[in-house]
Structure formats: C-alpha cells, structure tokens
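What follows is a pair of complexes built around chain A, which joins chain B in one and chain C in the other.
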Partner chain A sequence: MKDNFVNHLRPRFISDRALSVYYTFCLGGLSFLAFLMLGITGILLMFHYQPGTSSGFSSVLTIGSVIPYGSVIRNLHYWSAQLMVVTVNLHMVRVVWTHSYKPPKQLNWLVGVGLLVLVLVLDFTGYLLIGSQESGAAATVAANLLKQIPGLGTALAQIALGEPTALSGSTLIVYVWHCVALPLAAFWLQLYHFWRIRRDGGVRPL
Partner chain B sequence: MARSPINQLKDNEGIAALVFLILCTLLAFKVSSSVGTSNLAPAVPHAAAPWIFGPFQILLLYLPPWLGALMIPALILVGLAVVPWIAHYWGDKWGRGIFSALFSLVLVLLFWFMVKELWWSHL
Partner chain C sequence: MAGQIECSRRTVLRFAWSGMVAVGALSVKPLVDYLTSKEDQPRTSLVAYEKSLVEKTDWQHVPNSRVWVMRDDQGIAALVATCTHLGCEVTYHPERKQWLCPCHGSIYDTDGRPVEGPAPKALPRAAVERKADGSLIINTEKQVGLDARL
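Moving on, here comes the complex of A and B:
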C-alpha cells in the first residue's frame, strides 16, 4: 500500500503534457507549497501565541513587536494564506478550463471542492485568532449565522467557535480547529488528492 | 502517449516554487499584515470583513441572513460540486457555463465589496 501511494505521487515517468508550465501553471503545487509554508510559520507562531479574549490580541502584538523576526514570520503566514486562496481558486479555474474534472476524475473534483472549503474555513479561523474587535465582530456574525440552522445550530456554533465575545474571536476552540484539526484534515485530503491525480491518469486532457 | 522522466517536472516545479517563495518573502518584508483594532479601544463603528469574505458581507447587507449567508453559499458550493455531472449529462458547455456563472457571481460580489469599502473609507 505504501509503495502504491509513493509510486503514484512520484512515478518515474509522466505524461509529456504534465511538463507544460502553460498547461497547469503549477497552481496545485504552489497551493501545496503555500500550505507547507503556513505549517512551518504557524508552528513558529504557536510558540508565542496565547488564545483568549484578551491574551489573543496582546500576544499577536508581542509577536509583531517584541519577538525577534516575529513580524516577518507573521507576515509570511498571512501572505502565504492570502496567496493560497488565490492559487487554489485559479487552480480550480484551470481544472474547469482544461476539462480535467471529467470522468474518471469527478471524485477528485469533489475532494478539491472540499479542500476549497477547508482553506476558506482555515482562513476565517486564522482571522478570528487575531483577537481584535473586527475578529470579534466576525465571530459574532458567524455564531449567529450558525444558530440560524434549525435544530443543530446552537450546538454547531458552540462546537465550531466556543463562546467568542463581540470584542474578540480568539477562543481555545477556534485555536484547536485552526492549528490541529483543520490542517490535519487538509493535509490528508491533499495527499489523497495528489494520489488520485496520478491514479486517474495524471495531468492531461481527456 | 509520450512520456518523460519526472526530473523534468521537478525542474519546472522548483522554478515555480522559487518564484513563489521570493514573492512571499518580498511581501512579508514590505507589506505588514493588519492587526485590527484592540479590544480595549473604544468600539469601532464599522468592521470591514477581510477581502476573502467580502462577498459574504455584501450578501448579508442586502439579504436576510438565512438566505445571504446560508442558502446562497450552500447553493454555490453544491453548484460547484455537481459541475462534472452537469458536463456529463448536459454537455461541456453547460458544465463550463455553470462554473463560470457561479465564479462570476462571487467575483462581482467581491468587486462590489471592494468598491463599497474604498468608498466607505473615503467618507
């Protein structure tokens, strides 16, 4: 199983069409690179970040102004996230443009849509962790929206966001979602996505 | 089907990765990310969403929450998810058309948000 997985991710030979930069623009690979950068810079930020209504914002300020290179690491984290949203969306446009969603790749298309949702949720939870007034407003809006879902809404809001205040969206629950659960889910889903690309015939028009 | 050793792909990916890393580093050194307003400061009268969620803010501004922030985004996601099956049963033009319509809707909302926020900030 391990050999099957590795050999599909990195086969010895690939289709010539996959070599054309102008066919894929490396957008999927760049999205994964951004994800790796987010992982590395995120771990570095975790050494100093403290979630909480008041500690969230103050620790972000500390990272930006006191910790050596903290500002650069945080900026790298921020810009990688912004660029990842751009590359993921452009990757999706490229896939549609080259009809790369057609059978047998429809399952991988669904995985890609799932990854898009995960990236957006990761971006949102990252915004909440700043702990500013704006993040508090965003968390309050999100909690109220989730509560609109009949039956499950209130529980879902509690599970997803904890109890944010209107002045800070930084809670321990959002922190765990952002730093552990969502990145792990996105990582495994991406590996499956890459494996399926080769399994379904590589990067080439059908 | 013509095929080549994977090393050539690695070269392409390496160059793209280098360009991406340089761009990220330049942005990180030149443009600082915002920290927003302290929660100890007086309450701000207006909080603009980050650009990625601008379309949500526009929808929430003009539509009831259940429609603007739950039903429409859910329909857009379902529409995206079923593109392969639309293309399979109705033809490629339909698949591409549905995707373009949904993607354009999000782009229009994003553009609307940006114009509104720029206008707002100049008041």
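Moving on, here comes the complex of A and C:
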C-alpha cells in the first residue's frame, strides 16, 4: 500500500520540455520550499513567542537576543517570508508571460490568485505580530480601512484584527489567524494547486 | 582545459542525501538548546511586599508568591511555604497556629518546625530587607535561621 501511494505521487511520464528550468524557473517550487521553511521555523517560534499588545514585542526581542539560536530561527522565518512574497509574484508574472492561465488552466489561475491573497495576508499578519510601533500603525490603518465597509465593517475589523493598539498590532486574534487558520488554508489550497497542474496536463508550453 | 567530471545521477543524489543528514545532525543541538531555553521566563528570587509591616502581626501571605511574612517582638521574618517533604505549597491556618501540607498531611507549628507527618525539616526562612520607601524585599534564595529578624 505504501509503494502504491508513493508511486501515485509521481506522474507516469514527464516530457523533456517540462523539465526545462528556463520555462518555469521553478518559482512555484521555490515558493513552496519557502512555505515549508516558514512552517517549520514558525512552529519553532511559537514555542517562545507570546502574543499580546504588551508582550508581543518584548518576546520578539527576547527571541532575537537571549534565546539560543532564536535569532537564526526568527531571521530564517522573516527572510523566507520576504522570499516567498517575491517568488510568488514572479511566479505569477511567469504564468502570465507563458500564457499558462489560459484554458484548460483557468481554474488553477483563480486558485493561484487566492493563494497570492493568502500569502500577502500572512505576510501582513506576520508584520503585525512583531508588535513594534510600526505594526501598531499598520494595524490601525487596516482596522480603519475595514471599518469603512458599511454595516459589516466594525465586526469584520474585530474578527480580523481583534483590538490592536496604535503602539502594537500583536493580538491573540491576529496570532491565531497567522499561525493556524491562514497557513492551514494556504497549505490545502497549495496541494490542490499542485494536483490541478497534473490534472490540467502538467507543465508544458501550450 | 579541465577534464570532464564523471558525475552520475546516483552520485549527485547520494551527495544530496548525506548533505541533508549532516544538516539534520548538526541542527539537533541548536534545536534542543532553543526548545529548552528558559531565558524568557521571569526568574527572580526577589519577592516584594508592598506594606511596611510596622505593627505586630501573624503570618501574612505575599500575593503571587509562596512567601509569608510576620512581625513579632523581635522583628520581621519571612517564610517560604514549600513543604520540606516533597515540595507542595503549605498554608498557614491562623486559628490552629499551624502550617498544613495538603499533599501528605505534614503539620508544622507556627514557627515552621515539623510537628507531624513525613516532613523532615523546618520550613525555610528567607532574608528580608527594607527598601527606601518602607516596603519589604524578600530574597528567597538567601536562607536564614529561625531566629533571624529584620
């Protein structure tokens, strides 16, 4: 059964042209690699990070200064996130460049757009969790933007951000979105994204 | 011109595998250090008591700590309410003038000397100092004798 499952992960054949690095530059793969890295370092950071408008920033400082190897892990997390935003955007540019959004891949393009939004929101919530004054300003702007939506706005801001102060964007609610809900959604959507590539005929010039 | 390097797919994969194993082995110690670090937990042996304790009083509990303070004719003393048997937190019962341990029923007299049960030693006393504003600082790491007073 194990052999069966592992063998099903691989396609029956791959065309030579699909293996060309210069066609995709492996930007999606790099993004996924960054995502895995973010997952691993993120779980490690959760062991020492304490969300909250008063504790967030100081625990980030503690991780970065006194916890052994904490600054390595935090920097891996931070730079993987920066890398992922860059590679995801380049990946999108590549897909447009090679016309890979056209039928039969139109659904996967939409999935990709969803993933792009998820990655950007993850990046933003990560920025809020640093808990610095800048994050407080960013959270305030985001909350005020959401509150502009008539009717639902106030509730939406509460659900998305909790009650950040102008001095720190780190709240328990942002923490749960960033560490549990959004990564899980992004992970399953990515698996679907990859499966869809095979389903739509694999990577190949149309 | 350098000669062509023989490099089969198997060689490359084996090289990559050993690289991954090496990285994995090398990251064990950093990970253990990181995960077992208690640097971010507040760890101070100093307990503050906001009142100045000028009048004679029976044992008073210092909030959020295991420290109790009292003042008698000789002065102020502080006691750490950790059972000398297995470390449970004992409480003072003023009506009985005794310290009772909830775990194995050790009983101490009002000075903290063991009276009954498995407790082998008296409850530890800690050094007390007075700050400039009149409040007390108890150093739980600094043990003193039963008769020590501030």
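The rule we apply is simple: the second predicted complex is superposed on the first by the 196 of 206 C-alpha atoms of A that agree within 3 Å, B and C clash if a C-alpha of one lies under 4 Å from a C-alpha of the other, contacts with A are read in each partner's own complex, and residues count from 1 in each chain.
We adopt the following convention: contacts are C-beta pairs under 8 Å (C-beta built on N, C-alpha and C of every residue); 3 or more make two chains touch, one makes a residue touch a chain.
Here the structure is a predicted model, which is why all the values come from computation and not from measurement.
J.: Is A:47 in contact with chain B, with chain C, with both, or with neither (first, second, both, neither)?
T.: In the superposition, A:47 contacts chain C only.
J.: Looking at the overlay, what does A:28 touch: chain B (first), chain C (second), both, or neither?
T.: A:28 sits against neither chain B nor chain C.
J.: Pick one for A:134: touches chain B only (first), chain C only (second), both, or neither.
T.: first
J.: Which touches a greater number of chain A residues, chain B or chain C?
T.: Of the two chains, more chain A residues are contacted by B.
J.: A:72 contacts which: chain B (first), chain C (second), both, neither?
T.: Once the two structures are laid over each other on A, A:72 reaches both partners.
J.: Does the superposition put A:59 against chain B (first), chain C (second), both, or neither?
T.: Touch partner of A:59: chain C, not chain B.
J.: Hey, what residues of chain A end up touching chain B and chain C alike?
T.: 72
J.: Using the touch definition up top, name the residues of chain C that touch chain A in the complex.
T.: Within the complex, chain C contacts chain A at residues 30-31, 33-35, 37, 39-40.
J.: Considering only the defined contacts, which chain A positions touch chain B in the complex?
T.: Checking each residue of chain A against chain B gives 10-16, 18-19, 21, 25-26, 29-30, 33-34, 37, 53-54, 57, 60-61, 64, 71-72, 74-76, 78-80, 82-83, 85, 92-93, 96-97, 99, 101-103, 105-106, 109-110, 113, 116-117, 120, 123-124, 127, 130-138, 141, 144-145, 148-149, 165, 167-168, 204.
J.: Which residues, counting only chain A, touch chain C once they are in their complex?
T.: 44, 47-48, 50, 59, 62-63, 66-70, 72-73
J.: What residues on chain B touch chain A, complex-wise?
T.: Spelled out, the residues of chain B in touch with chain A are 1-6, 8-9, 12-13, 16-17, 20-21, 23-25, 27-29, 31-33, 35-41, 43-44, 47-50, 52-53, 60, 65-66, 69-70, 77, 80-81, 83-85, 87-88, 92, 95-96, 99-100, 103.
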